[in-house]
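In what follows, a structure is listed as structure tokens, so that the remarks can point back to it.
Letters A, B, C, D, E, F, G and H mark the chains in the order given here, with residues in each chain numbered from 1 onward.
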């Protein structure tokens, strides 16, 4: 597979705390830890290390606690106005989580219908404006399919999969990847709350992303 | 059921971070937050509020991160030397957890055989020295029985149940209680990592304890 | 007595520092300690633990230092606009206290006439808008009736009792409850300044509240 | 009355948190706030301001939380070894307080018999070694004589009065002074917990002390 | 001399860091250390302690670093609008100091002409609005009259003395008082920079003030 | 090339601040950030992510500021006593750097002769005790061979190369790798001081290490 | 050479972090560390120490991270509006550095053409308004002329040199000075990142400046 | 005059807080601010900047608050054991100051006789062990000779002068230098407490020192 990025491409990673990882808010990039210390920073470092001959600008537009409703509210400012060539979306964990841990606050979560409608608006807004969209499926590091939250996440994954195909996104199935990995280790090996990835889980996420964009581990710069 | 405690009884709660909850280490009691802010503090407040006519001295001997091996190492100093009338034991979460999140460090966890042997030594050491022992079964807030950590905890619960009966302890089955509760809410409603109880889960633990020692919610002081 | 609350009811606790207890200001609710660490948090945890089958939303509208004049100034925003089904009011401690500790600042306290007028306006504003109002009588943990502050609080309690009956509130007589309790322990067992409740006193307050709203300690969820 | 102090006299103030007031522990004196910010610092400043022609060395040997048992334990090191010309003693608040707020910890307080025996040992140890001893009676800022703690303090005051006379101490009756003052203001005007003096109460304590040692407000240095 | 203050009088102390002493800015009063920890707090405590039968409201309107120009800029808001019965003014130290330590910044200090004009405006603004004005002369704790800063302060003192008499103020000659005191101790006994008073120097300032307003150390409340 | 590590192998990374990266000192491993945030943590995460089927225990024995003399001083305790199967050594940067930035302190650096002698002792001590030693050559991110520090590092690299071959180490030539990389970017793209690697440089170091131990980016766990 | 400055001259130092050195932003001067702790503070201290008979007002208008584009944006407010007699300019390090460490962010740096145009505008704006302009050439503490950043800085130095001559500035060739110095010590003796001067390098910069303005080390005040 | 220092000379600066200036205690040298931020650091930077061709090792052995008695107590460890070629001594400020600000603590200061005896012992201990001793006379930034502290310092200066000559020290008369300087500026231009030098005063001290050791401002390295 051919490597997706060209010199001077800009990639915006939009999402919640998984993406944010202590990055500068609302958007962070460049030096001084602005990019956070999660999977986005790792992806940047991998690109910089393996492809030194091309410049790629990475922007972290993740904000902790965001649902897709919150992300939509800042979509114009934090994604579209930045005029990126590539956009990565990973959103949905809080949409489901708040149904579990704050059941008395129905307005705090986002149900599947609204999620679908909002995601579609976001994907439509990108049509014709970017070279490509990578859509990471929300995940819960749990391979018991009957776990309430795992089951609920499944619905959001289906929506992502459906819309991602409809709008020609590159789909990155993190749930599937974690399901496979959990055959080897308990979820607490990756995240104590089954959501926020430790360094090992960041490597796993980054690997899926890099694979999806044609990153070549044997690449040699000219 | 008759209320277990008499005037001037001292109760020592021995355990790990679930018991500790930011209490003073190695042991804490009395004013100034020494007792921590978890289920122990709540139990003390319940006893003080409902039974003002008797004085009960509560000591928190929980230390974060302890396995039963660690607890045994300080058993003489932090439990026996305090000469309590009652002892509560809740230990085992770290013994299992380290098998999950630190699999490369086999010395960091405690396997069932050692757990059983150690617990038995602890229970024997209390024989004839206290009015009673309450033994809380370690738990994992997960009702999927096939979850690796949940399945492993089960073994420790069996050991506790067996030894508890053998040595005449009052058994408090927290795992069963949480299993029941999880029919109503997802585990993230009680603890983000399925171990450390939030205030709601502390109420649940305290309720089981109070029930076990004959606490009467309709009690009126003389 | 029947349990007062139904699924999805929202309860707002309005008051001063006794209610506030380090909650988020002006109003706090949900996760992350937003609800403070006082009697409100305890009541929420009791409801969540015993009645898992119904969702109840608790909001802490207490702000430290508030007199009834301050509370009235933010009544629309911090209580009415939240459209609660239930409102709890506990106000008056600072109205009296400032007469004692800042006698040179007459504008810093609220005298009985203004207190009565203001409370009545607040109660009227709730008429027809809520399922019920619980009115906690302000207290001073002192059973010497000739203590200046205790005597003064008495007047405010009378106003509360009178208006509470007039407007059909559920009256919760904390002063009486504490008077009873102080037969067993000195006030410093509950609060060093006779106002701010420690954990034991929070349990006492919560117990009165739960009793008043028909909480059943033997309740079993379906 | 003649002024008690002569050039180069050293005065040691022994006591608990009332004396300590954030002074350097175990003993503090001299510059840099070592003397704390309570009545001791105020007395020093009054002496320095009104009697600049004589040098008086003031040492704060108060430690927060001390009962007379604690004070006795460090008596040799923190009082006798300093070879003062004058000693002031104010001890007993914690001896009583712990009976009130920690009734389950009988070892945390000091009952009258032990208090009397210990105070007598302390006073005997000073015989022939100092120019004079000023003995401040412990107090509780409460003029309701039936308050449990107030009533208990009375016993300790009687012991002090009796022993103070027996050993020729200058007796400073702070309880009486505060009783008088509380005719004008509520105790919360002086201390929120009726023990720890605010600046106004420090002035009241200092005034009694200065009166007792013959301080002359009309004194003019030569 | 008759005591100046009557029940419910309000006194505003206007000035610079000597007055401010970590008080709340722009104005501070009441509890919680709002009044700072300098001579103003001490005067309040003396009045409260000796004259409990009358209420006096003390406000600290000192702000660190202020010259008379700065004070004039906030005179309406921080003094006149508070409608005090009494005003105390102590200003000028920075007006002179900046001539010494920042000679390259002529705009940072205030020369005698501007000082005189500004002080006169301030005093005129108080005419007929207050019961009395106490005017403290700025000082430098230095009795070498040829010291540049001491000599310069002298000019400001003369202006104060002249205008104070013209407008019927009670003049409090702090410079003279310190000059006398410095016969006994070196200035470093009172302040390391010869300006900011330590506790001893605060007592000296307070004593002059209290003398000037007829405070009676033998006063007994009715 | 075959992957070097087997289940339960322990790898100790010995070195200076490049290795340390805020890890726990003297040695750190396991959870809670004990492993630091540099190349060691990244290598662990890569191994955990790609080879979940085998457990590998990684220990960080780097301490900031260490020269080889310092490392030798703690070699027994921090490396040998841990009984690792594999040891990685990266030492020498401070040995040279102190010659540059502290020329007046000749004892603060380590000259080539001592470096060679010490490294040989270290390598000999590992003979027959480990499965393998990886020896990273010290580097300076500078491809101007005439730079004083770059030229000096060269000598240490030669020593490492020579001894590494003599004792059968796997040699990892970081200097050569950085030299290549600097054809694409200025050194400030990797480290502002040409020594301490940012995340991109950590990826570069980790890549060399993984390559050297037969890590397979296409590896699939069984 | 005659000394450039006269009594009451004001000198503004405009620049980036080299000038800023933790000074107050946007401009700092006078006491309390407002001037930072770099070469500007040192120059002020030298002038104050050697020329006490004249007053010179020094203002630090450096802000960390500024390129010439940033400096131009605040030129009116932070330089011209201050109406200085003398202006010193040292700008360009970030203009070049960002080309090296953030190659993916072309808008973050300033290329030679824009640099030249902007500097010329700044110099023109000063024509006829000041007594003189001192123009420090940007530097990189590196004497390897083929280093990418060193080579690039050279271009900016040429622009400065050319425009400085065109507009009659006093040119201070810091690059040349550092080149000379680096014959004796490695760059890490002066700055770990070859940009931010340590105290030794500040002395070197100050020396060049003072030489350029006719400072006489043998000067004796009248 | 010939420059005193040769390659690899070590100079120890012994003293109190004037020397210390936040340096590492008990002795500090080298990188990371270990040398403090006062005149010692400035002297090092001047030597490094002007004489790059020779290496000079500077050690700061100043500790805040030291009298000569304290310095003597650590003389062996902090000066002699370091085997310096040169020693600078500046001690005496606290010896005198404590007489002024702590007159009730005669043991806190050091009177002339003890000062003389102690200094002589220190100077004798250096005989034959060093290339030279520079003796800075203690100072008080006050040119009013009748100021108590100034007058007292004079006695210590005389002792220094006398012993300095007797033992062949290079005498650096800081008092005289400051006296001269104070003809131009008030002492608050150099130090708010007339002791602790600001940057300008550090330059003045460094200048005297450099002059005394033959530093040449026109020196050009070979």
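One rule holds for everything that comes next: a residue touches a chain if its C-beta (ideal position, glycine included) is under 8 Å from a C-beta of that chain, and two chains touch if they have at least 3 such contacts.
These figures come from a predicted structure and were not determined experimentally.
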### Summary
Those chains that touch chain H and also touch chain E are D, G
### Task
Give a one-word verdict, same or different, on whether chain E and chain G use largely identical residue numbers at their interface, taking over half shared as same.
different
### Message
Going by the touch criterion at the top, tell me which pair is linked by more C-beta contacts: B-C or B-F.
### Response
B-C
### Task
Report, in whole Å, the distance between the mean C-alpha point of chain A and the mean C-alpha point of chain B.
40
### Task
Would you kindly tell me how far, in whole Å, the mean C-alpha position of chain G lies from that of chain B?
66
### Task
List the centre-to-centre spacing of chain C and chain F in whole Å, with centres computed as mean CA coordinates.
63
### For chain E, residues that touch 2 or more chains besides their own
101, 103, 185, 189
### Task
Please list, in label order, each pair of chains that touches.
A-B, A-C, A-F, A-G, B-C, B-D, B-F, C-D, C-E, D-E, D-H, E-G, E-H, F-G, F-H, G-H
### Query
chain H touches which residues of chain D in the complex?
8, 10, 29-31, 55-58
### Query
Which residues of chain F touch chain A in their complex?
37, 41-42, 44-46, 48-50, 52-53, 181, 184-185, 189, 198-204, 207, 217-218, 221
### Query
Mind pulling up the chain E residues that touch chain G in the complex?
101-106, 108
### Query
Residues of chain B touching chain A in their complex?
97, 100-101, 103, 144, 146-149, 185-186, 188-189, 192-193
